[in-house]
Amino acid sequence: MATVRLKNIHKEFNGVKILKGIDLDVNDGEFCVFVGPSGCGKSTLLRIISGLEDATSGTIEIGGKDVTKSDPIDRGIAMVFQSYALYPHLTVRDNIGFGLSLAKRPKNEIRERVDAAAKMLQLESLLDRKPKDLSGGQRQRVAIGRAIVREPEVFLFDEPLSNLDAALRSKMRIELTELHATLNATMIYVTHDQIEAMTMADKIVVLNAGHIEQVGTPMELYHHPQTPFVAGFIGSPKMNLFEGAIAKEHNADLYGIRPEHLTLSPKEGKWKGVVKHIEQLGADAIVHIHVESLGMLVVRVDGDFSITAGSTIYATPQEGKEHLF
Amino acid sequence: MKRQQIINGVIALVIGVLIFVTPFIFIGLTAVKSAAEASQLGLSWPSEWLFWDNLVAVIQARNYMLLLAYFNSTVITVGAISLLVISAAMIGYVIQRRPSKWNGFIYALILAGLMIPPAVVPTIWLLKELHLFKTLHGMILIQVAYGLSFSVLLFRSFIASIPRDLDEAAIIDGAKPWQVFFKVILPLLKPVTVTVILVQSVTIFNDFTNPLYYLPGKDNVTVQLTLYNFQSQFSSQMNLLFMNILLVTIPPLIMFIFFNKQIVKGMTAGAVKG
Amino acid sequence: MKSSRSYPYWFILPGGLVYLVLFLVPTVAAFWFSLTHWDLFETRFIGLDNYYQFLREPFLITGVVNTVIFGVLTSIAKSVLGLLLAVLLTSGLLGQSFLRTLIFFPVLVSTIGVGIAFAEIMHPARGMLNIGLSYFGIQGPAWLIDPNLALFSVALVDIWKGVGLATLIYIAGLATISSDYYEAARIDGATKLQMFFRITVPLVRPATVTVVTLSLIGGLRSFDIIWAMTKGGPGFSSDVLASVIYKQYQAGFYGLSTAGNIILFALVAFIVIPLTYWFNRREVDL
């Protein structure tokens, strides 16, 4: 368990600036999620923390110790890769115990620690198999087991769930959250999926094009996005964002309202529009409305709300839920 | 299978057997004939089968030279291949994993090894300077040098298919670079290693030119050199010469029977991507 | 952790050192030695004299010309026959996998053994080949005895031994051509012959590059087969550079032998490098 502190991290690849001055504090025991569109530099930042990549400039402290120049093994970290990176020629037991055997731990200690990790992840019955004989979800657990067994101070995850199907992914989200509660370790988790960020994080770091847009708890980001990028990125469906007259009306450059913060009425309301398209999801429905003065407006309504494409409708933003930039 | 295909197949089989099998039947028959009959050179059935007599005579010739030759060829082949596999895998690994401005240059050197005929006399001069001329270990190192390019290319293209994540996972697990290679990468190279072993062992075992230049003298005779030596000695005993050819053909035949697929894969590697 | 630390260059050292000392150094040294009069007793700089000698002495010139003939002829024959055999042996013929095995086996057999055996098979009077031909009423030539024929006879055996490899490379190449092309062509009404020239030949090009390059490099450097069958004879009629190099070495003319070696590199380089360049330039993008 340890804090992670990044100071003014810059990274260039062949003269191309990928990270442009990252300052960040991750607290002890925190579940911190880096989220951002793909290619924004999340993995690069994580790899710099892990020591797989050197920063061009800036410093990294883990547990109060400057580790900028340290090898990965001396940083007290463990990492779970998107591809799992299990050693194909080793059994599950040897995969999990690989780091310990490199560290020349006694045989029986390795066995006990591997057994304990396997128990926590319900892998006991699979210990003698090779990775190719495991399902995607099981491989994922082995990869996590390999991290747990080393008892690192900081866990690093690089999009660990992106190779799983939707059902397994939501199950693993819960398991990882529970694991975090059990181990109470600092975890840094990279994803491009804002749902993962919202559901798992204590702290979300939104990255965009190599810099931090905003840091905060999930609800802070939802209610108080500080930039249009964060406003558009967090929340699904995306927030409606409009320039022009409506923004001027509020003395701003950009006016935003979330789809769930609009009320529809067949008779009256602030904006009159024509229903173009309805995505029925059951519990709720996403309605796309063309409003003359704004353009396309997306509204989330109750699934039972009766509405037909082509009909005229009125939309009204809820009081105090508007965002101005 | 259509009727036409069957007919064509039979015709092709007959022609194929005629062209590609008769020479081996000729070798086999001549090897078991008497000297007088063998000198007729025909495909006729031997009037008496002298398989054992001829075998023993060939083995005993020149003070059991053939046995010594088998021993030497085995030492050279096994020694060269062990060194070749380890050193070529290490080179293939580094140049695949570590792109740098040197890579073009290294690649050119590798291709040079595939293309340029070795400069024999200067090599002999150098081997003499290093006291490696006429020694088995000198021959082993020569075979390593000459087989390196091909092996490195095979290893390099196989290593490209191993995800880098594995190296990084091992580094995170605390592996030193040599541990990443020997504990994680090398065990995964088994299929391509088998290919390299098979192709190179056929090449090295069958090599005639290099032992001719670098291993003169009868103490270091190799299997292929015995053929050449016996060619003049046995000119009146064709049966023994052909028995020798038969014996020399056996090791590749065994390899062929057991590992045909892998050998074919290794020798045709690169055909697809060009 | 930079790649310099994860993938240290010393990994190249063991193999690289052997390669440097036993291959690269002699290759570079050869340029110097080729400019010397070098025998058992002395090494004396004589400039380009060795090369002049190669251009003057008819038997040395024959060696150069024969090398080109042998290399080009065997390479073309192996590619053409290899492609035809590959097409035949992927057409669903009865016993095609057995035939593939059959024609590949000679590739693995000792060249010297094959050479010695064929020298007897090609015996003008008693040899199996001419006896076989006589059944068809053909009077076979004096394969290895006739100076005008010896080189071509050896080339024939080299093709016999090597065509199996070419065939297998082509079979691997044919396997990469999607059957969609053939089906589309059939719908367009193409004949078998049109399909072969319009689809197979262009699309199997990477295999052609491999076969031509490999057999050309091998053919230009050929030594074993020639030495086992004719030793360059009769006279110098089937001498190639590789056999000239050996003969001059045996005779103690080390400088001349090395000049032959340099001429052989040059020949290989001047033929193979432009060829590869030309092949790559005309690469079809699929």
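Chains: A, B and C, in written order; residue numbering restarts at 1 for each.
Throughout what follows, a residue touches a chain if its C-beta (ideal position, glycine included) is under 8 Å from a C-beta of that chain, and two chains touch if they have at least 3 such contacts.
None of the values given here were measured: they were computed from a predicted structure.
The central chain of the assembly on a C-alpha centroid basis is B.
The interface with the greater count of contacting C-beta pairs, when B-C is set against A-B, is B-C.
The chain with its CA mean position farthest from that of chain C is A. In this assembly, the C-alpha centroid of chain A lies 59 Å from the C-alpha centroid of chain C. Mean C-alpha positions place chain B and chain C at a centre distance of 17 Å.
Centre-to-centre separation between chain A and chain B, using Cα means, comes to 55 Å.
The set of chain C residues that touch two or more partner chains comprises 1, 5. For chain A, residues that reach two or more other chains under the stated contact definition are 52, 71-72. Within chain B, the positions touching two or more other chains are listed as 171. Every residue of chain B that touches chain C in the complex is listed here, in rising order: 1, 5-6, 8-10, 12-13, 16-17, 19-23, 26-27, 30, 40-43, 83-84, 86-88, 90-91, 93-95, 97-98, 109, 112-123, 125-127, 130, 141-142, 144-146, 148, 152, 167, 171, 177, 180-181, 202, 206, 208-209, 212-213, 223-224, 227-228, 231, 238, 241-242, 245, 248-249, 252-253, 255-256, 260, 263-264, 267-268, 270-274. Across the complex, chain B meets chain A through its residues 163, 165-166, 168-175, 179, 183-184, 187-188.
Those residues of chain C that touch chain B in the complex are listed here as 1, 3-9, 11-12, 14-16, 18-19, 21-27, 29-30, 33, 38, 88, 91-96, 98-99, 101-114, 116-118, 120-121, 123, 126-128, 131, 160, 165, 168-173, 176, 205-207, 209-211, 217, 220-221, 223-224, 227-228, 242, 245-246, 249, 254, 257-258, 261-262, 264-265, 268-269, 272, 283. Residues 50, 52, 71-73, 77-79, 81-83, 85-89, 98-99, 102-103, 146, 150 of chain A are the ones touching chain B in the complex.
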